Structure formats: structure tokens, C-alpha cells
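The following pair of complexes shares a single chain, chain A, combined with chain B in the former and chain C in the latter.
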Partner chain A sequence: MPQLGSLATTLAFLTAVLAFAALAWGAYRKDRSLIHLGYRALDTVFFLVLFASALLLFLLVSRDFSVRYVADYTSRDLPLLYTISAFWAGQAGSLLFWELILSIYTVLVLWLYRKHPHLPVISAIIAGVHIFFTLLLTFLTRPFDTFPFPPPDGAGLNPLLQDPAMALHPPTLYLGYVGFTIPFAFAMAALILRKADAEWIRRTRVWTIISWLFLTTGIVLGGQWAYIELGWGGYWAWDPVENAAFLPWLTATAFLHSVMIQQAKGMLKTWNIALIALTFFFTIFGTFLTRSGVVQSVHAFAESNLGTYFLVFLGIVVIFSVYLILTRSHLLKSEASFEGILAKETSFLVNNILFLGLAFATFWGTIFPILSEAVTGNKVTVGPPFFNQVNAPIFLGVIILMGICPLIAWRRSSPGKLGRNLLVPGIVGLISFAAFFLQTHRFGVSLAYASSVFVIASILYDFAIEAKVRRSFHPEEPVPQAIWHLMRARSRKYGGYLVHLGVVIMAIGIVASNAFKQETTVKLEPGEQAEFAGFVLRYKGIEFQHEPGKVIASGTLEVQPSDHGSPSSVPLWVLRPAKVFYRTADQPHTEVDIRRIGVDDLYTILAGYQTGSDKENFATFKFLYMPGVNLIWWGFYVIIIGGLFALFGKGKPRKRKTRRATS
Partner chain B sequence: MKRFLTSSLFLFVWTTVLAGAATLSDIEKQLMCMCGCGMVLSSCQCGTAEEFRTEILTKLEQGVPPDQIIQDFVARYGETVLAAPTKSGFNLTAWITPFVALILGLSALFWVVRTLAHRYRLQTVSPPPGAQHPGFRKQVDERLKDYL
Partner chain C sequence: MKKKTQIWVGALVIVAALLFLMVTSFTQSSVYYYTLDELATLDISPQQRIRVSGQLVKESVKYDPTKPLLEFTIQNSDSTYRLNVIYHDVMPDNFLKSEEVVATGYLQGTRFEADQLLIKCPSKYEPEETETAGGS
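After this line comes the complex of A and B, so read on.
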């Protein structure tokens, strides 16, 4: 049966080559039969990849250990959910999963845009990407390789990956990564066909926003997984592979902002094409980082020779994009000009420069170890202290700009007008800065908090002004109805504001949980207690639980508030941080126990234990108090709601257009 | 399991020196775990990380200054044990380049926008205030009503 899978991936590769050739030649010769052949070949690629994926899933679930991939990533005692998630846990499976998503997106494009005149070229570009991934699956990292003598059991899935967030994190991330292939293909097709107006942006807006939302979800789920599963009380470590996901997110965010200028005023055409090409480049670059072994990372797959092939593909993407942009530069001239420095257009561009600055700093920090070794022969590490120090001020700039941008007029403003608009939110921001500084005596933290308050005030102020104007035209409407109509009529704008609000909530959570985190390590014998962050934690002892494939050693802690905690009183909570000894892993796995207290978390880790006679019977715990950490996840939910509202909120039909059409 | 119990003994040592915990925390944020996980020492829970922590605490107890402890690790493992590049020599470029790039980008943006805005003002002549068509305000209001 595995041979059928190998046959399917090989056929998918050959069919992708056929699709590319037929579509490219057919588009060039305007030969409809060739184009039709190309479309059907892409459909066939989809069915072949779907078959291969279903087969791999079947082999995983049926624990066919004659297949190397199944033996490497599953075992007989692995729960079903993680057996399924083993599909994308390893190199070959994750590449097949990538190709599966690309195939699904491809048939969606073929169906949704079946009447679009650019479709042959768009699908030829997508077919080119298919060729690359099916080539990897056919010749370099084969998911259906078999053992001559199957082992009795598999090696099992890495315990760190046995978490529900980890089961969802890679698929959402891949849905985001792969999604950017579609706007890239549309943009390149527009250049090839010399029709570089805003049509491709209008058509791909939904793809861009959905991909961005998936990428955001993937990144946040990754953070949640790290927070819960890695057992160190953090959610972002600036690991090279985390950075690899963050890079396309940054450039895509810049793109989402700058396309508004092209749609509104026909400006920044070259810039937008370059941004989407850069975003696509970074999605492949991220995959290259994970699979090449060029950087050391907790996420990296096994070192392999795939890096060279990814580098070649990246080179092709760069040459192809740069060539098209340079040769079509005359088609990318702006239809309007900047009319003043103080204008919304400029603020969008400053936003773009800041996002690109963040992307550059992150990229630079990620590749600096390689650069340093090449230049000086010295290996260095670029870790969190670097990224926090370099990126924090730029992030602060982005936040402040989020407060200023909504209040600047289009075309041209003046310092006086801008000052008047910023007066109320500015005063709110300054007062909050003074209040935070008096309370915390920390300049950076106060500035970050005050900037966030400034953004919220700015959004509310803009909202209040527009609601007031609307009510002047529709005085019969009650205020809530006026606000709802306003939001529906301008769903893109208010969806965007909701996203900004979510980002600010996240920023507050990030600053609070880093700046005011409390932590301690204590050694307790059974019956002993420790005071920490306003709580008394009493250690009761270690309990062992035997489950299939693992032994769980959990330390029981009874928690009470410090002010009324006596040994006899009933505990408020019982926490059980644990060490899990998997049969298939050398090192024990840390299972933290977290108690949510409003927006804060009490985070407990069983760092070690010893059982024996009285003096040798102890456990060592690490306790963390994480203020505001849940704001990060709440902010994320607001971002998703805002993104969906911007995408699907029904804007009021513009009567103006109707009138013009009628006249 | 045995290996784990042994590593717990290391934990015993560092929990007895809680007075030095703040300094331990400072130092472990500046060092990487060298087990191959690629994580900062403060984030890693493996046996190697625990051995590092024990060594740091022992040295702190002996009165070794934090800088010297870090230098001892650098002498043993090379600069790669540091969580961030030093701010000297070629490594300084790691710190400076992002800000130089950002400043260059913002300067270029300012220059381009100013030039284009200046050119635009030379090419266009704005009508004097109040010179609009008498029905202009009404038209604006109608459009605003549609928009909002």
C-alpha cells in the first residue's frame, strides 16, 4: 500500500510539470485547449495529493510500522488525536500537508476565478510552486519510504508535540503561509500581462486577510503551546523558527495597510507588488530555516539536504519577482501624488517603514550567527536580549502611530489641525503616563502603557466624532443603533480599529507579564508551605499515576490566599504540576499547572522531586505569577473578531455610485 | 527516572541559596543552554541547564562576580554561550545595522514625500477659500449622509 502513496506523489510531480507547461504555453499562444488541459492537470494534482494524504493518514492510524514515517512519529499507545497530528509532525509529512493545502487552494482559485482573464497565468505560477513541493516529496523527502523489516512498535511522537495547541498550531500556520501564494500569483500575473492596476488587490483581498488571520492564529497558538507545554513561563523566545513565522506576518501586515493607499488613490503600486513578493519569499524562507539545519532551534526538523533546494527555489522567486518589477516599472506609476508631508498617506508609509524595520531587525538577528561565522569564524548566538532591545522601541513607534494615523486627514493636513485632533487622546495619554509612572517608577513600562491608552483614546475619539456626525444626519436613531449602523456601513475601517484594539490589548499583556512577572524556586517537604505573590502554597506529596506509555508524577499543592490561610482551612484550589515519564523519551516532560486569576496566572512547575525517608522526601517547585498574561489571548480574540468583521461586515451600498451609474 | 532523581539533587543545592536567586536569574537570562535545544538558560528545564544553574549558584556563593562567571562560561564554550552578541568588534554591527536601516528608510521616505508634495504644489493652484460653487456644501452633506 505505501507504494501507492509513492506512485501518487510521483504522478503529482509529473502532472504539475504538465500543468505548468500546458498553462504557460497555452497562455502564451492563447490556446484554449492547452489552457483547459492545464486546469485539468491541476485538478488531477489535487486528487493525487488528496489520495496520498488520505493514505498517509490511514497508515498512521492503522500503525503500519513498515512505513518509516509512521514508525518515526507514532507508537501503539499514542492517542488518536496525536496520531493524526503526526501527519505534520515530521519533515516529509509536513511537506505533504503543505502541498495538500496548496492543492486545495488551487482548486478553489480555479473554481472561484474561472472567468478571470488572468487565470491561465495565475495558475501557471501556482503550478510552478506545485512542481517544487511535489519534487521534494518525490525525490528528496519521501513520506512513503518503507523498512525491509518493520519494527514491532514506533518511536512515538515527541512528548512536547502532544498538546491540543500543537495539533492546531502547524495547520493554522500552514494555512497562512500557503495562502500568500495566491496574492503573489495574482500580482505576478498582473505584471506578466502588463495590467498592473488595483484589480489584483481587489480580487485577492479576501485571500490576504484570511491568510493573515491564519498566520496570526498560528503564531498565537504557538505562543500558547510554548506557555503551557514548554514549562518555562514564557510564550515567545525569538527562536529562529518563531522568527520565520513572524517575518511574513510583519510584511503581510505592512501590505494590508499599504494596499489601502493603492485602492484609494492608485499610489504605491511598485511598493505593494514588492511587499507581496517579499511576504511570499519569507513564507518559503521560513520553511527553508526549519528544514535546512542552518540555524539551531528547538523547532527545527532533522538536518537535511533540503536547504540547497529551498535556496535555489528562493533564488528563482527573487529573480522572477525582481525581473518583472524592473521590466514593468513604467506600468507601476502612481496615479496621484503626495500633497503634503502631514497626510494619512504618509502615516501609512511610516507604518510600512516601521514594519519593514521590524522585519529587517528580525531577519538580521536570525541570520547574523551565519554571517558572523562566515566573516569572523566566530559562532555567536542572537537570542531574546537582542530582539527585545532592538525591536521594543520600533514596536513602540508602531503603537504610537496606531493612535495618530486615524486622526490625520487624507491628502494634506496641517500641524494645527492635527494638533486639534490629537488634543483629547494626547491629553489622555499624557495623564495616563504620569499616573503609570507615579505608580511604577519605570519609564519604559509607563511609556508602553500610556501609548496603548493613547491608541484606545484615539480610536474612541474618532468613533465618537463619526457617531456624532451620523446622528446629526439621522437624529431619529438612538445612539446604539447609530453606532451599529456606522460600524456596518464602514466595516473595513471599524474592523481595522478592532484589530488595532486587539493589538493594544496584547501589547499591555506582553508588557505586564514581562515587567511585573514574579518568580521563585522553593524546596518543600510534604506538609511544608511557601508564601508567594499573596498566596500560601502547601505541598501535600507526590502521587504517581500509571497510564499507557507513560508514568505521571504529580506534586499536589493546596493554595490559599495569604491573608486567611491556615493549615486547617479548606484550600481555595488544588494544583498538580507534574513530570511525565514517557516510555519513548529519555527526558521527563514538564506538565505545568496554571490557575487563572482574572487576567493573571499563577503558574506552577514541578522542577524536581525525591521520594524516600523523611530527609530525602522533598519536591522542588518553581512558582511564577504572570500579571496580565491572559490579555495576550483576549487581544488575539479581538484581532480575529476585527479581522472577520472587516472581511465579512456588510458595508452600506454607496448611493453615490448608483447615481453616477444611473446618470 | 534515576537520572532525573540525580538531577533533583542539583536542585537541592540551588534552592538553598535563594538569597542569590535574583542574580542567578540575571545571569541565566544572559546565557544559552548548551544541550543543543537552542533555548536561553532561564527557559530550559533539562539536566544540562540544571547543572549550569548549580555551577552559577556555587560560584555566587564563593563570591565570584557575575561578569566573571559569564566569562568562565565563554572561555569554556565560546561566544555562542552568550544569549546576545557582545557590543564590540564585528558584533556591534548586529546592534547598529537595524537602526541605521530604519533611520535611512525614514529619511528616504521623508525626502521622497517632501519632493513629491513640493512638485505637486508647484503644478496645482488651489481655488481661494469660499470660491466653491454655492451648492457645494449641500453636495458634500449629501455625500456624507450616504457615506455615514
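After this line comes the complex of A and C, so read on.
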């Protein structure tokens, strides 16, 4: 049966080659029957990949250990959810999963845009991407390789990967990554066909936003997983693979903003094409970083020869995009020019410079070890301090810009008008800066907080003004209803503001949890207690719990506020950080216990324990207090709501060359 | 045209500021990465933060969970050079399974004071991470 899987991937590769050839040649010769053949070939690729995926899933769930992939990533006592998630836990399976998503997207594109005149060229480009991934699956990382003699049980899934966030993190990330293939293909097809208007941007807006939302979700889930599962109380470490997901996110965010200028004013055409090409490049580059073993990373797959193939493919992507942009540059002339320095256009331009600055610094820091070794022979690495020092001020700039954006008009704004708009939010920001600084005595932190307050104030101010205008036309509407109508009518604008609001909430959480984190390590005997961050934690002893495939040893802690009650009173909470001994792993896995207190977290880790007689009976704990860390997750929910609102709301995009007064 | 020049000048000023930020942060936070063989031939000051990688000698691992304190030895590929590493923190999960260890910290005479460990596991997609307060 696994042989059927290998057969399916091989056939998928051959069919993808056929599809590419038929579509490229058919589009060039305008041969309808060839083009039709190409479409059907792409459909066939979809069915073959779907079959292969279903087969792999079946082999995993039926635990057919004659298949190497199944034996490597599952075991008999692995729960069903994680047996399914083993599909994307390993190299070969995750590449098949990637190809599956691309196949689904491809048939969606073929159906949704069936009347689109560029479809032959678009699908030829997509077929090219299919060739690359099916080639890897057929010749290099084969998910259906078998053992001659199947082992009695599998090696099991790494305990760290047995977490709901980790089961979801790769699929969401891939849904985002792969999604950018579609706008990229549309942009390149528009260039090939010399149709350089904003049509491709309008048609692919839904793909861009959904991919961006998935990418955001994937990144946040990854952080959440690290926070819960890795047991050091962090959620982001500027690891190369984290950066690999962050890079396309940054360029995609820049793209989301700069396309608005092209749609409104017909400017920045080359820039937008370059940005989407760069985003696509980074999605492949990210996969390359993870798979090739060129960088030292906590997430890296074992070193493999996949790297060379990815480099060749990346080279093709670069040459293809650069060639098209250069040869078509005369078509990409701006239809308008900047009319004033103090205009919304300029703020978008600054936004783009800042986001590309973030991307460049992150890219540079990530690949510098490789570059320095190649050039000087010495490997020089830069750690989190570099990324924090560079990116934190840039992000601060981004946040301040988010506050200015709603207050500044399109085309031209006079200093006086901007000043009047800035007055209220600006004063709120300054007052909050003074308040934060008096309380914390920390300049950077207060600046970050105050900028966030400034953004919130400026968004609310914009709401207030627009609601007032609306109420002067519709005095019968109560305020909430007026705001709702307003948001519905301009869903793109207000969806965007909601996203900004979410980002700011997230930023406050990130700053607070980094700047005011407390931690301590204590050794406690049963009955002893420790004071930490305003709490008393009393250690009661170790409890053992036997479950299928694992034994859990948890250290019981009774917690209560230190200013509250006598030692004998009933504890507020009981926390059970643990060590879990999996049958398939030769070392225990640390399971933290986290108690949410408002927006903060009390985070407890069982570092070690002994259960001998008297003096040998103790446990070592690590306690962390993470202020505001939950704001990161809450901000994320606001971002998703805002994104969906912008996408599915009824509002129409701003028409070109309309003045603000008429909109 | 004048407006366009203004925009360009503004953009260049921002780009220059970003580059300045990058260069200064870079010189402050770059860390040299050595293999054990290279380390043997070099004279490294105890103040210089470096990163070192080597194979974990499994028998050498000593862990005292009460402090917590982790001590171990790493060696180069032909076992001709060894280095003792100490790490004042909780032993990372899967540490004993790892083959190669990348330690960041300071060389103090014959031993290495690590504040950050990175573990490379054989042949599988296995994320491992450990960070301490000093690491980030």
C-alpha cells in the first residue's frame, strides 16, 4: 500500500511538468486545447496529492510501522490528535502537506478565476511551483519509504510537539506561506502580459489578507507554544526559524499598506510588484532555512541535501522576478506624484521604509553567521540583543505612525490642520508619558506605553469626529448605532484601525512582560513556603500519576496572596508544575503550570526533585511573574477580528482621485 | 519636482538613521562562534562573549537540581580537545539525548561559563530551546 503513495507522488510530479509545459506553450501560442489540457493536468495533480495525503494519514492512524515516516513520528500509545498532527511533524510529511495546500489553492484559483483572461499564465506559474515541491517529494524526501522488517512500535512523537498549539501552528503557518503564491503568480502574470494596472491587486486582495491572517496566527501560535511548552517563560527568541516566518510577515505587511496607494493614486507600481515577489521569496527562503541546516537553530531539521535544491529554486524565483520587473519597467510609471509632504501617502511611504528596515535588519542578523563564515572564515553570530536593539526603536516608529495615520488627510494636509487634529491625541499621549515615567522611571518603556496610548486616543478621536458628522446628518441614530453604521460603511478603514488597535494591545503586552518580568529559583522541602511577587507559595510534596505511555510527577504548590490570611487558611489556588516521563523518551519533559491573574501570569516550573528520606526530600522550583503577557494573545484576537472585518465588511475601496470631502 | 526632492531627502534620512542603528547595535552584540579546534589555538579574553560548539561527552554530565547547576564536557570530533562547561540553570529537557551542544558565554581559564545552551538532536525535527535571563 505505501507503494501506491510513492506512485501518486511520482505521477503528481510528471503531471505537474505536463501542466507547466501545456500551459506555458498553450498561453504562448494561444492554443485553447493545450491550455485546457494544462488545467485538467493541474486538477489531476490535486487528486493525486489528495490521495497521497489521505493515504499517509491512513497509514499514520492505522500505525503501519513498516512505513519509515510512521515509525519515526508515532507510537502505539500516541493520542489520535497527535497521530494526525504527525503528518506535518516531520520533514517529508510537512512537504507533502505544503504541496497539499498548494494543490487546494490551485483548484480554487482555477475555479474562482475561470473567466480571468490571465488564468493560463497565472496557472503556468503556479504549476512551476508544483514542479518544485513534487520533485522534492518524489526524489528527495519520500514520505512513503518503507522498512523491509517493520519495528514492533514506533519511536513516538517528541513530547514537546504534543501540544494543541503545536498541532495547529504548522498548518496555519503553511496556509499563510503558501497563500502568497497566488498574488505572486497574479503579479508576475500581469507583468508577462504587460497589463500593469492595479487589477491584480484588487483580484488577489482576499488571498493577501487571508494569507496574512494565517501567517499572523501561525506566528502567534508558535509563540504561545514556546511559552507553554518550552518552559522558560519566553515566547520569542529571534531564532533563525522564527525570523524565517517573521520576514514574509514584514514584507507582506508593507505590501498590504503600499497597495492602498496604488489603488488610490496609481503610484508605487514597481514597488508593489517587488514587495510581493520579495514576500514569495521569503516564504521559500524560510522553508529553505528550516530544511537545509545552514543555520544553527532550535527548530532545524537535520542537515540534508535539500538545501541545494531550495537554493536553485530561490535563484530561479529571483532571476524570473527581476527580469520581468526590469524589462517591464516602462509600463510601471506612476500616474501621479506626491502632492505634499504632509499627506497620508507620505505616512504610508514611511511605513514601508520602516517595515523594510525591520525586514532587512532581521534578514541580515539571520544570515550573518553564514556570510561571515563564507567571507572571513570566522563565524560571527548576533543574538537577541541585536534584534531587540535595532527592531525595538523601529517598532516604536511604526506605532507612532499608526497614531498619526488617522489624523492626516490624503493628497495634502496643511501643518495647521494636522496640528489641530493632533492636539487632543497628542496631549493625551504626553500626559500618559509623564504619568508612566513618574511611576516607572524608565524612559523607553514609558515612551512605548505612551505611544500606544497615543494610537488608541487618535483612533477614538477619529471615531468621535466621524460619528459627530454622521449624527449631524442622522440625528435620530443613537451613538452606538451611528458608530456601527460608520464602521459598516467604511469597513476597510475601520477593519484596519481594529488591526492597529490589536497590534498596540500586543505591543503593551510585549513591553510589559519583558520590562517587568520577575523570576526566582527556590529549593523547598515539603511544608516550606516561598514569597514571590506578592504571593506565598507553599510546597506540599510530589504526587505521581500513571497514564497510558507516561508517568506524571507533579509538585503541588498552594498559592495565596502574601498580604491575605493566615498560613492555615484555605489556599487560593493549587498549581502543579510537573515532570512527565514518557515511555518513548529517555528524559523527562517539563510541564509548566501557569495561573492567569488579570492580564498577568504566574508561571511555575518544577526544575527537579528528590523523594528520599528527610534531608533528601525536596523540590527545586523556578517561578516567573509575567506582567501583561495575556495582552499579547488578546491583541491577537483583536487583529483577527479587524482583519476579517476589513475583508468581509461591506465597505467599498476608496475610488481613485476622489477627495476626502466626497467620500 | 521640489516636493519629490523633499520626499527623497526625507526617505534617505530615515534610511540612514536605520543603517546607523543597525551598525552600532551590530558591533555591540556580535558574538564570535568557534569550534573546539579553533578555540585551542586562540587566546580569548575572559571578557569576550563567545559561542562554542562540540560533541557532548555523555558520561561527563553532572546535574544538581537543588542549585540548579549543570556541568558537562564537550569534545571535538577526534576527542583530542575537551572543554568543561558549567551552566547555572535548569537542565534542558532532552539534554541527555543531544549529540552536539552549542554554548554561549565566557571562557574562564579552562572552563566555560555558559549562560545559554542550544542542543542539536540527531536526525529528527526536534525543537529544543533553553534561555536564561542572561540570554535575552
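For this structure, a couple of remarks:
In the analysis below, the second predicted complex is superposed on the first by the 650 of 663 C-alpha atoms of A that agree within 3 Å, B and C clash if a C-alpha of one lies under 4 Å from a C-alpha of the other, contacts with A are read in each partner's own complex, and residues count from 1 in each chain.
In this text, a residue touches a chain if its C-beta (ideal position, glycine included) is under 8 Å from a C-beta of that chain, and two chains touch if they have at least 3 such contacts.
From a predicted model like this one, the values you see are computed outputs, not experimental measurements.
After superposition onto chain A, the modelled positions of chain B and chain C overlap sterically.
In the superposed model, A:Gln545 lies in contact with neither chain B nor chain C. When both complexes are overlaid on chain A, the residue A:Thr376 reaches chain B alone and has no touch with chain C.
Contacts of A:Leu160 after superposition on the shared chain: chain C is touched, whereas chain B is not.
Of the two partner chains placed by the overlay, only chain B lies in contact with A:Leu486; chain C stays clear of it. Of the two partner chains placed by the overlay, only chain B lies in contact with A:Phe473; chain C stays clear of it. In the superposition on chain A, A:Gly357 makes contact with both chain B and chain C. Once chain A of one complex is fitted onto chain A of the other, the partner contacts of A:Ala607 extend to both chain B and chain C. In the superposed model, A:Gln91 lies in contact with chain C only, and not with chain B. When the shared chain is aligned, chain B and chain C each come close enough to touch A:Ser337. Shared interface residues of chain A (contacting chain B in one complex, chain C in the other): 230-232, 234, 237, 239, 296, 298, 300, 337-341, 346, 349-350, 353-354, 357, 360-361, 364-365, 368, 378-386, 389-390, 394, 519, 521, 523, 587-588, 590, 605, 607-610, 618, 620. On the chain A side of its complex with chain C, the touching residues are 72, 89-91, 94, 158-161, 226, 230-232, 234, 237, 239, 296, 298-302, 337-341, 346, 349-350, 353-354, 357, 360-361, 364-365, 368-369, 378-386, 388-390, 393-394, 519, 521, 523, 585-590, 605, 607-610, 618, 620, 622.
Note for the complex: chain B touches chain A at residues 1, 4-5, 7-12, 14-16, 18, 21, 25, 29-30, 32, 36-40, 42-47, 50, 78-85, 89-91, 94-95, 97-99, 101-102, 105-106, 109-110, 112-114, 116-117, 119-121, 141, 143-148. By the touch rule above, chain A contacts chain B in their complex via residues 230-232, 234, 237, 239-240, 296-298, 300, 337-341, 346, 349-350, 353-354, 356-357, 360-361, 364-365, 368, 372, 375-376, 378-386, 389-390, 394, 412, 466, 469-470, 473, 486, 489-490, 519-523, 579, 581, 587-588, 590, 605, 607-610, 618, 620, 652, 654-656. Of all residues in chain C, only 3-4, 6-7, 10-11, 14-15, 18, 21-22, 25-26, 28-34, 51, 53, 63, 65-68, 90-91, 93-97, 102, 104, 116, 118-120, 122-133, 135-136 touch chain A in the complex they form.
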